[in-house]
Amino acid sequence: MRPSQRQAHQLRPIHITRGFTKHAEGSVLIEFGDTRVLCTASVEDTVPGFLRGKGTGWLTAEYGMLPRATHTRGAREAAKGKQSGRTQEIQRLIGRSLRAVVDLEALGERQVIIDCDVLQADGGTRTASITGACVAVHEALDGLVRRGVLAANPMRELVAAVSVGIYDGIPVLDLDYPEDSACDTDMNVVMTASGHFVEVQGTAEGHAFTRAELDALLDLATSGIAELNAIQRDALGLG
Amino acid sequence: MRPSQRQAHQLRPIHITRGFTKHAEGSVLIEFGDTRVLCTASVEDTVPGFLRGKGTGWLTAEYGMLPRATHTRGAREAAKGKQSGRTQEIQRLIGRSLRAVVDLEALGERQVIIDCDVLQADGGTRTASITGACVAVHEALDGLVRRGVLAANPMRELVAAVSVGIYDGIPVLDLDYPEDSACDTDMNVVMTASGHFVEVQGTAEGHAFTRAELDALLDLATSGIAELNAIQRDALGLG
Amino acid sequence: MRPSQRQAHQLRPIHITRGFTKHAEGSVLIEFGDTRVLCTASVEDTVPGFLRGKGTGWLTAEYGMLPRATHTRGAREAAKGKQSGRTQEIQRLIGRSLRAVVDLEALGERQVIIDCDVLQADGGTRTASITGACVAVHEALDGLVRRGVLAANPMRELVAAVSVGIYDGIPVLDLDYPEDSACDTDMNVVMTASGHFVEVQGTAEGHAFTRAELDALLDLATSGIAELNAIQRDALGLG
Amino acid sequence: MRPSQRQAHQLRPIHITRGFTKHAEGSVLIEFGDTRVLCTASVEDTVPGFLRGKGTGWLTAEYGMLPRATHTRGAREAAKGKQSGRTQEIQRLIGRSLRAVVDLEALGERQVIIDCDVLQADGGTRTASITGACVAVHEALDGLVRRGVLAANPMRELVAAVSVGIYDGIPVLDLDYPEDSACDTDMNVVMTASGHFVEVQGTAEGHAFTRAELDALLDLATSGIAELNAIQRDALGLG
Amino acid sequence: MRPSQRQAHQLRPIHITRGFTKHAEGSVLIEFGDTRVLCTASVEDTVPGFLRGKGTGWLTAEYGMLPRATHTRGAREAAKGKQSGRTQEIQRLIGRSLRAVVDLEALGERQVIIDCDVLQADGGTRTASITGACVAVHEALDGLVRRGVLAANPMRELVAAVSVGIYDGIPVLDLDYPEDSACDTDMNVVMTASGHFVEVQGTAEGHAFTRAELDALLDLATSGIAELNAIQRDALGLG
Amino acid sequence: MRPSQRQAHQLRPIHITRGFTKHAEGSVLIEFGDTRVLCTASVEDTVPGFLRGKGTGWLTAEYGMLPRATHTRGAREAAKGKQSGRTQEIQRLIGRSLRAVVDLEALGERQVIIDCDVLQADGGTRTASITGACVAVHEALDGLVRRGVLAANPMRELVAAVSVGIYDGIPVLDLDYPEDSACDTDMNVVMTASGHFVEVQGTAEGHAFTRAELDALLDLATSGIAELNAIQRDALGLG
């Protein structure tokens, strides 16, 4: 019934490739089906001005989409000279999501910069970005521990994200592009491994949704995120 | 217990002043306590390029904050030469919220542009903006009916917005600035008069929240929005 | 004879409301008839780089117009990404006018930033801005005296501004929008309470003007500014 | 007594070189002493959008200063990515001044674009620009007559500009840079050959000026502009 | 002797992966050792304004580097709001190089847009981009032939590029990052399969080079490009 | 046979005027036929951030073209808010060319900024800029020696540039605009007085060129640059 023949509660095939590029402290290619995002985590020894001398660290994120990641070519934001509102929303969301699980005081006066660049888009680029960025950041912070800079990894727990929506009247998990385009209600949920919400963003451009629909979507998302956490743990070699 | 001595489920005093300025087709000053936003709705006879000749209308929104609407002066976005990510997020949210309740085909090939400008900020500027913009747009569309341009007002139902959050462990309604600053979890809810959700945006930068907390916040928001709808109806002289 | 039925030498009704918003050190709503401008004065404890360590203060101004302050909606400068030449001319004029009456050395190493934001435009927004900004700055500087930061208010005397022009062959005072649009010669005069000129800006886009016309316009402006000074004194509770 | 040993009412040596560059329809190098400005007038067969199909022409101006036209190098505006407020003020002034003497309807649907680029600055660049631009535009319009495009030159009369100021207590004509820097009151006057004012812009950043001082400055400017008109007529070979 | 132990005339391992992403008409991942560039070719049915209605096509290129493609993170150009001079130089070079081998009239009124995005940088990103873009464009044009839009592929011959330089006194082929950083003279050569030069760009920031050195570098480049052409032909399945 | 009737190996008339403007430490007007470029060299006592405290100097260049330097008026880059890719390429080339002959350590912690502004364009503006800038920089550095700041002029040798191309099948020296427009292959060569190459930039947008053609062009350029060096020496009064 879904264009991809998936069950309502079924994720797309998820693949996480660590060390995809060699320079970044953390570098992960994450695939949610045909959506492919390169997530890197860079560690720098300075913090933004507003935190200097406060003994605490910072984590921020930037997001981009290659011009031809999409069906038809989109304008290159660097050439247009500005990032779209959509890009800014997504990169702010990625940053908040990861800050929610990293102990910035334990990180000390250093900064983690996440870059999520979409190589190929097929729906769910922001949720794939958060899920992949979590692995890249963990990898980068592990490096600080390995090099003796930090005593323990300051990421308190893993975080992942998934989209849910009502497609053809049925709540479904992990929308791909054909579903996303046809869907009135779309919700992105960011959740920690311990099952707490970090972000819930539900939007009904077409048809407003009921409390019962919202509840069904949250249930679907909760189960999907548990699966994603297992895949993240696996990629990170955590028991 | 709340800094403002309000009950947990109590809104700030809400005032809506119609016709606050004279040129706009709809012009409303909305006050949520000390938060004051001027919302205007302008009707233009052209639509953006992507809709030309399609027989349907459009509605969009812009948002701004006067530099000294806040405790300390913020840089003027026009002087900096760009709108912040926060500004863009808010204006996209206002636009989506209103498009959810306006029948754009019935509007015909014309565009409504909402401007929400914060004269004084004390928390909740985006929810006040949506609630006030709804009245301004209704007023502007009523004008089209009165002038015989449209047979009926194409706004299907009213829409309003309110913030909720967990302050000092307790879910509270309509956060003011002191609460907003001290609050780990903050949720903005946009809802129609018929009780359906248009947007749910919950964020936990500090401490992630449980499903039970989420449920309590949604309950609070639902009752607050019913109150706001009554105030809107009153301002518009709807039975 | 004038569209507003005023006498040639008659100002529009002028209202000055102090404390219009609560955060700014000085906050004034000034009305010249239907022209309404919110003028705030913010005091900051730093000066621009070129003055650091020189023991002297600074005063600067920014100006903006809400998109729908006008008959038809104007583009938001923050969204366009730049301030127009007109905006820059006006804000530079406001700054120069106020610096002419404030003893910047007596102010010490601090900066006053004026924001003039036009809520509703009906001609004369720059002269209303200067006249209102003078009251807002005085109010803000009084606050420094009251808090014991300064021994005396460093504003040496009040300053006000008014427009004059030749409408239908007759020199008239304080042009409103219908007059401004129909008028070949337009002059803005900024003057101190002691009757000295700070700025004289006369422009003839259509028809160049004679020395006799210039003299008549200066006479009108001089008497108008005396009236404005009285209203400013009244608003400030100065004897 | 003046740094340059000039009399109070004495202009600097003025030179006008026509045909300074070969591509422009009008091209003039004007020198006011050591101030040297290249003024070109380009004629294009289209008008800006707001005038299309209205049967009337347009004239506009742009102004720039080479980075090392000044004592110390100024930043290149093209590299900074924006024109300063000062630049915009000056180019708007040049455009208004020339539009005041050109019959835009007689020009027909074509546009004259003036470029004033300061090769060397020593005070008075805006007045030199206007005075030189007038000659360049006249030359360009003569070309349209010569080519049979227009029956008569649509410039109704010549226009010129000069600065005046109070230096060391004495009103003086045509300020050079040392005077300009030391001068509290500075006025730029733009006037037609028939002795009418097009622009009067007097500014007192330091010390406000009296009506008597204003009158003395206007007298000086009037005589200086008569001299400039004679030099322009001479350059243009007008009787 | 070279840091990579290569012979002076030895290329790095070159890999070309076709169809690396699925949406673009041509999509190639090219690897010159550790340098990895994703090259896509997008075909659009419109041409830029200056070519409309002229019956000829166009080809242009854009270039970008992911922020963490490099040893230390570089600022994202989309966030800075402008492309660097280096980026613009490279994308103009890629465009010119490909236009030299494509018959734009045979292409008809359509446009090919190349995007070269560097996923990982280790020297030679511009030469890898040109070499990969050639394959991507060929693939995209083959698609037009396969779909019956064009009768024959309008690429007249293949084009490839390689860098050469003088490292430690010896002319070497295909500089990697350690060589590039240590090298005084650096030359990029773009050449067709038939052995003609399209671009020769030699630069000596440190030590100027002799004609004999130039000749040796051109010889090296010529042989390297022949090897690259063979690899391109192989990737494209051309005999 | 050449539009200008020149021999294939003949330069246009070259004129160098020193001291063309008075403020800059070095100021040269260079003319290659009708191409006229004002080159100034400014000496500043600070270096860019990345060199501070390293005991070495810097030299950089900026380039611009007056809007009506060309046959039809080009947009002013300051008004458009950005420099074109072409402008950036040229100014980077000028900077590299001069840095190749100046001993930046001997210069000490100071910076030379070159400004090349094209007053009139007729082909070859970048080669005229380099050739003129060399004289202006030499002049400015001589000034440092004369003032006792430096013991010797840190310019090691002169540098000059010329264009060559294949026009109507024949290699020709120093292309003017009519040749440049009609020419498939265009090469700019920058060379020191001792006959070493600093930059070689050959481009074939239309028709790729052979090694034999390249050799012929390099020969022509070498002889042309020897002539230019002689003219430079003459202008500088070097034996």
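Points to keep in mind about this one:
For clarity, chains are labelled A, B, C, D, E and F in written order, and residue numbers in each chain start from 1.
Rule of thumb we're sticking to: a residue touches a chain if its C-beta (ideal position, glycine included) is under 8 Å from a C-beta of that chain, and two chains touch if they have at least 3 such contacts.
A quick map from chain label to UniProt name: A, B, C, D, E, F = Ribonuclease PH.
This one's a predicted model, so the numbers in the text were calculated from it and none came from an experiment.
Taken together, subunit B (Ribonuclease PH) and subunit F (Ribonuclease PH) share no touching chain.
Note: Cα superposition of subunit A (Ribonuclease PH) onto subunit F (Ribonuclease PH), rotation of 120 degrees, nearest 5.
Residue numbering shows that subunit A (Ribonuclease PH) and subunit E (Ribonuclease PH) use the same positions for more than half of their mutual interface.
Work out the mean CA point of subunit C (Ribonuclease PH) and of subunit E (Ribonuclease PH), and you get 59 Å between them.
Here the spacing of subunit D (Ribonuclease PH) and subunit E (Ribonuclease PH), counted between their Cα centres, is 51 Å.
Each chain gets one centre point, the mean of its Cα atoms, and the points for subunit E (Ribonuclease PH) and subunit F (Ribonuclease PH) are 28 Å apart.
Subunit B (Ribonuclease PH) has residues 81-82 in contact with two or more other chains.
Each chain touches its two ring neighbours, and walking from subunit C (Ribonuclease PH) in the direction of subunit D (Ribonuclease PH) yields C, D, F, E, A, B. By the touch criterion stated above, subunit B (Ribonuclease PH) contacts subunit A (Ribonuclease PH) in their complex at residues 82, 85-86, 88-89, 91-92, 96, 99-100, 187, 191-192, 194-206, 208-211, 214, 218, 222. Touching subunit A (Ribonuclease PH) in their complex are the following residues of subunit E (Ribonuclease PH): 21-24, 27, 34, 36, 38, 40, 42, 44, 62, 64, 66-73, 76-79, 81-83, 87, 113, 115, 117, 119-121.
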